[in-house]
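Once you scroll down, you'll see the structures, which are given as structure tokens.
Each of the next two complexes has chain A plus one more chain, namely chain B in the first and chain C in the second.
After this line comes the complex of A and B, so read on.
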């Protein structure tokens, strides 16, 4: 009996995944549970916490900065995901063609992904400096600007979008290039024989075959976009005038600058719900619309 | 985004685990203690050298100094370490965190130690330093560093503009007029620079102006905001006029570009402290006390060494080290090596003091200016929240998005709420 249990595929399977399960449990599931508990407390990480029930959530409802930070997070996500995923598909299609220096271009596109966020932030701080930055200098030559970029509350969030799309495009491009390798030559040839033009081939052959990659990228980018933080931390620090205070930045501010850990945990729970809704919706949509080969 | 966050978390965990005091604190009759700091370059070397001197002369104690990175974020790291149960014995923290530290039971209250031990000569520390570490009856730290804001100006730009150098009785009007004259949009040259990231860096420069106009941050009972008084509005209006009418102010987004720009001769004047001077090797600069309105007050930013409790033996060892390290002789050695201001009044009486003022040109102005540091920021656990509300208001005024009275009133309302909640 015991021998049978030990020898079963079931147990062996669990043993194989055990290290991962422990790691995810300790560093993933456990903190999630602890954060939930924290969100019902008033806790400054110093003094003994007090249990306040749903008070943190009640305060959240009436917190204008929190409401605005949700709106900004959504605006950021709605801009970042299509721009980065769509842009990457375009770049990947261009880079797939057999052109000179294509390896060089592929490397160039990926370099920003490998560059540390801090370095990127410093570079953009200088590039986008309203007075001394290269961006305003170049734009000035063609009669535009000057713009405030990171220092203008009406532009800062869009400047962050531009910077992060630049920073993450390369990753999406690599995924698409890999997916494009999986498009069988014979299908493309067959389409050509049937008289399909370039657009029709893309629309009816390539696009459907890329859809698993697209689904993955959209879900992954959305989750990332909802949690954008580093790029903001190293450039605008949530400002000016809260213009780039997205959810995670607000959470950071509350937990680690003002030491409202319980309140910040409540913000985290809301973020968790938003992310969950997005992910489930996208996967549901994906199941209906994604085409897998074979 | 997420990937790097995870990496950061791992790195921090490793760092914190690696930095933790370690459990075997005494071996062979020796007590090992750990000190955390954020000093780099000259100051980092001076600290390592001081620890070496201490270890050589105190066979029963061994001090290990460890760098925790940027001191701006040290409070997070220290709290994380305390949470994790493995923390150093001495840690360098900003004065504005005294009230936060007073709340953690692990921070040693130094008041009884100071009372029982006259050898520390407590009243020899500057008043602003002593105010900053006192939280109610508790004393949270020993003064580590003191500085204040003065007017640092580029002599060449003043000469080019045909302006006389700032004097000790300069008024706000003199200052504003000079800034305007030093501004040249075609050369991308500004008269003044202001850190406009809504952080404490934005707020404390405003505090100096507020005090100069005769105002206060909070009421005397610390129950209500007071910075929206006529004095506060006057100070905020100066900022508004210079930033949005004269356009004579370079607004720094908080990444410290202003220091590079001053060193490149693009900025005429700064409100800054001694810590920035080493960043200006390329300009011939002068130092003067701040321009004034009703008075010429400045703001002092005292930092502190906080002791954390790792048991009697280590606590005593840490106290011995701090007393030694902040004694007149050691403090003077430190000032000589780093250029940092004297933390004790008695340092100015030592034979080495003239060497110090000769070596660091203009530093005497900062030392004298310490007398203009009359008021201190409120020492409250909610200070970060108060500062944040004020920072947002000042930023809105500088960006021309709000009028001084309206922005300050709104911030005052928030601060009243914060104070009411305690």
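After this line comes the complex of A and C, so read on.
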């Protein structure tokens, strides 16, 4: 009987999943409920928290920096997602068939994927330095600039977009190249034999076949864009004049620099809601448009 | 209009490659320039000589060796933890029948829908309660197992032929024996993917270490690099030398094992 009990899946199954359940329970599930609770508290991360009801949310509604941080996050997302995903699709189509130097081209596009966000930020601080930076030198050669980039409130957010597209493009290209491997060559030939031009072949054959990858990348990039933080921390610290204070930067600033953890938790709940709305909407739209092959 | 003597795709790809590589090449060039050479406009594109001194100077300015050791410990623990714990859990969810299996699996997966930024404040408080703040334990414990890894391995295990496992069971092999002697050896592609993705993710992680680590001794490469920048604002040649040292190992691994990295990233995206 004992032998049988030990061999039963009930016990063995739970023993197998127990470490994972405990760890994810403590560091994954527990914080979800606690985050909501925190948003109803005043909490400085040290002293005993006090219950303040909906006060944090009421303050949020009238907080101009918070409202602007949402606007900036949306502007950033609306620029970053099409530029990185659309750009990557173009690059992947160019890299699909091997040509001379294609290994070199691929490597040069992929290398930023392994470059950490901190290293990227430091490199671009130097590259985009208004006084001595290489960017102003090169742009000056073609009659542009000089620009203030990270130090100009009107340009900083766009400079962040450019830098993060540089950092993320390679990952998207990798996904698209993998998806393109699944595009059967005879399908393209058949389209060409039927007299389809390049554009028609792309629009009616390649685009639909790539649509699952596109949906994945749009959802994934949107989530990442709504949460952008590292590159901003390393370059502009939310400045100048709050020009790059996006949602997560504001959250971090409130919680871990000003120790308004309860207020920051309310910001976090808003971030969660925005992320959820975007993801659900994109998946809903995507599932009506995406073409899945078996 | 005659066709070009070369493939017109080069006209786009060559400038693109330049844009992607110039930031990294410029980092390398600056790291061997003297300070006056960096404080010059137009920029010094080709330095007068190779000024290696920036590298020992950077090593004196910040304990990069320590940062590397810390990152190595944290990343190693996360990779091993994920490979072992996600294998165990993934196999149980894929093949075993036990009370509450499906609801548990769904509960674990549901945490993927909540971004880390949303839960990081209570996670900090939990780590504080556990007495782990400002220690490597704070970086290791939450990263030992991921719902993503469990999901990835469960999906892979389910594609394996179950007959092999049944035969081994009939021959008296234990559940654990089946997992380690039959299932895992067949799952090398999935395990490699999980290992590589965990490695990249943990090594480059920034926000969580930024929150829980405050002392230089416990800093990872990324945190160390950020505070190194804070301490040497516009000393660009020194900063770039430090940056090269911090980046070089990861970039070299990536370039030499590019095929593995690319396959791993591709399979998380397309199949996940």
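Note that in this section the second predicted complex is superposed on the first by the 268 of 294 C-alpha atoms of A that agree within 3 Å, B and C clash if a C-alpha of one lies under 4 Å from a C-alpha of the other, contacts with A are read in each partner's own complex, and residues count from 1 in each chain.
By definition in this document, contacts are C-beta pairs under 8 Å (C-beta built on N, C-alpha and C of every residue); 3 or more make two chains touch, one makes a residue touch a chain.
Since the structure is predicted, the reported quantities are computational estimates derived from the model, not experimental observations.
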Simultaneous placement of chain C and chain B on chain A, clash or fit: clash
So in the superposed three-chain picture, is A:227 touching just chain B, just chain C, both, or none of them (first/second/both/neither)? both
Report the partner of chain A that touches more of its residues: chain B or chain C. C
Partner chain(s) touched by A:26 [first = chain B, second = chain C, both, neither]: second
Touched partner set for A:95, first chain B, second chain C, both or neither: second
Just to be sure I read the superposition right, which of the two partners does A:150 touch: chain B = first, chain C = second, or both, or neither? first
Of the partners chain B and chain C, which touch A:259 in the superposed model: first, second, both, neither? first
Quick check on the superposed pair: does A:242 touch chain B, chain C, both, or neither? Answer first, second, both or neither. first
Contacts for A:78 in the overlay, against chain B (first) and chain C (second): which applies, first, second, both or neither? neither
Answer with first, second, both or neither: which of chain B and chain C does A:54 touch in the superposed model? neither
Is A:117 in contact with chain B, with chain C, with both, or with neither (first, second, both, neither)? both
Quick one: from 24-32, 42-50, 78-86 or 222-230, give me the piece of chain B that collides with chain C in the overlay. 78-86
Chain B/chain C common contact set on chain A: 45, 116-117, 122, 125-126, 129, 131-132, 223, 227, 229-230, 256
Hey, which residues of chain A end up touching chain C in the complex? 9-14, 16-17, 19-21, 23-24, 26-32, 34-35, 38, 45, 91, 94-95, 99-101, 104-105, 107-120, 122-127, 129, 131-134, 136-137, 166, 169-171, 174-175, 177-179, 212-213, 216-217, 220, 223, 226-227, 229-230, 233-234, 248, 251-252, 255-256, 261, 264-265, 268-269, 271-272, 275-276, 279
Enumerate the contact residues on chain A facing chain B in the complex. 44-47, 116-117, 122, 125-126, 129, 131-132, 150-153, 164, 168, 223-225, 227-231, 236-237, 239-242, 253, 256-259
Please output the residues of chain B touching chain A within their complex, sorted ascending. 1-2, 4-5, 8, 76, 79, 83, 100, 103-104, 188, 196-199, 250-251, 253-255, 257, 261, 266, 381, 384-385, 388, 392, 395-396, 399, 401
Where on chain C does chain A make contact in their complex? 7, 9-10, 12-13, 16-17, 19-24, 26-27, 30, 38-43, 85-86, 88-89, 91-93, 96-99, 101, 104, 107-108, 111, 113-115, 117-126, 128, 141-142, 144-145, 147, 150, 175, 200, 203-204, 206-207, 210-211, 221-222, 225-226, 229, 234, 236, 239-240, 243, 246-247, 250-251, 253-255, 258, 261-262, 265-267, 269-270, 272
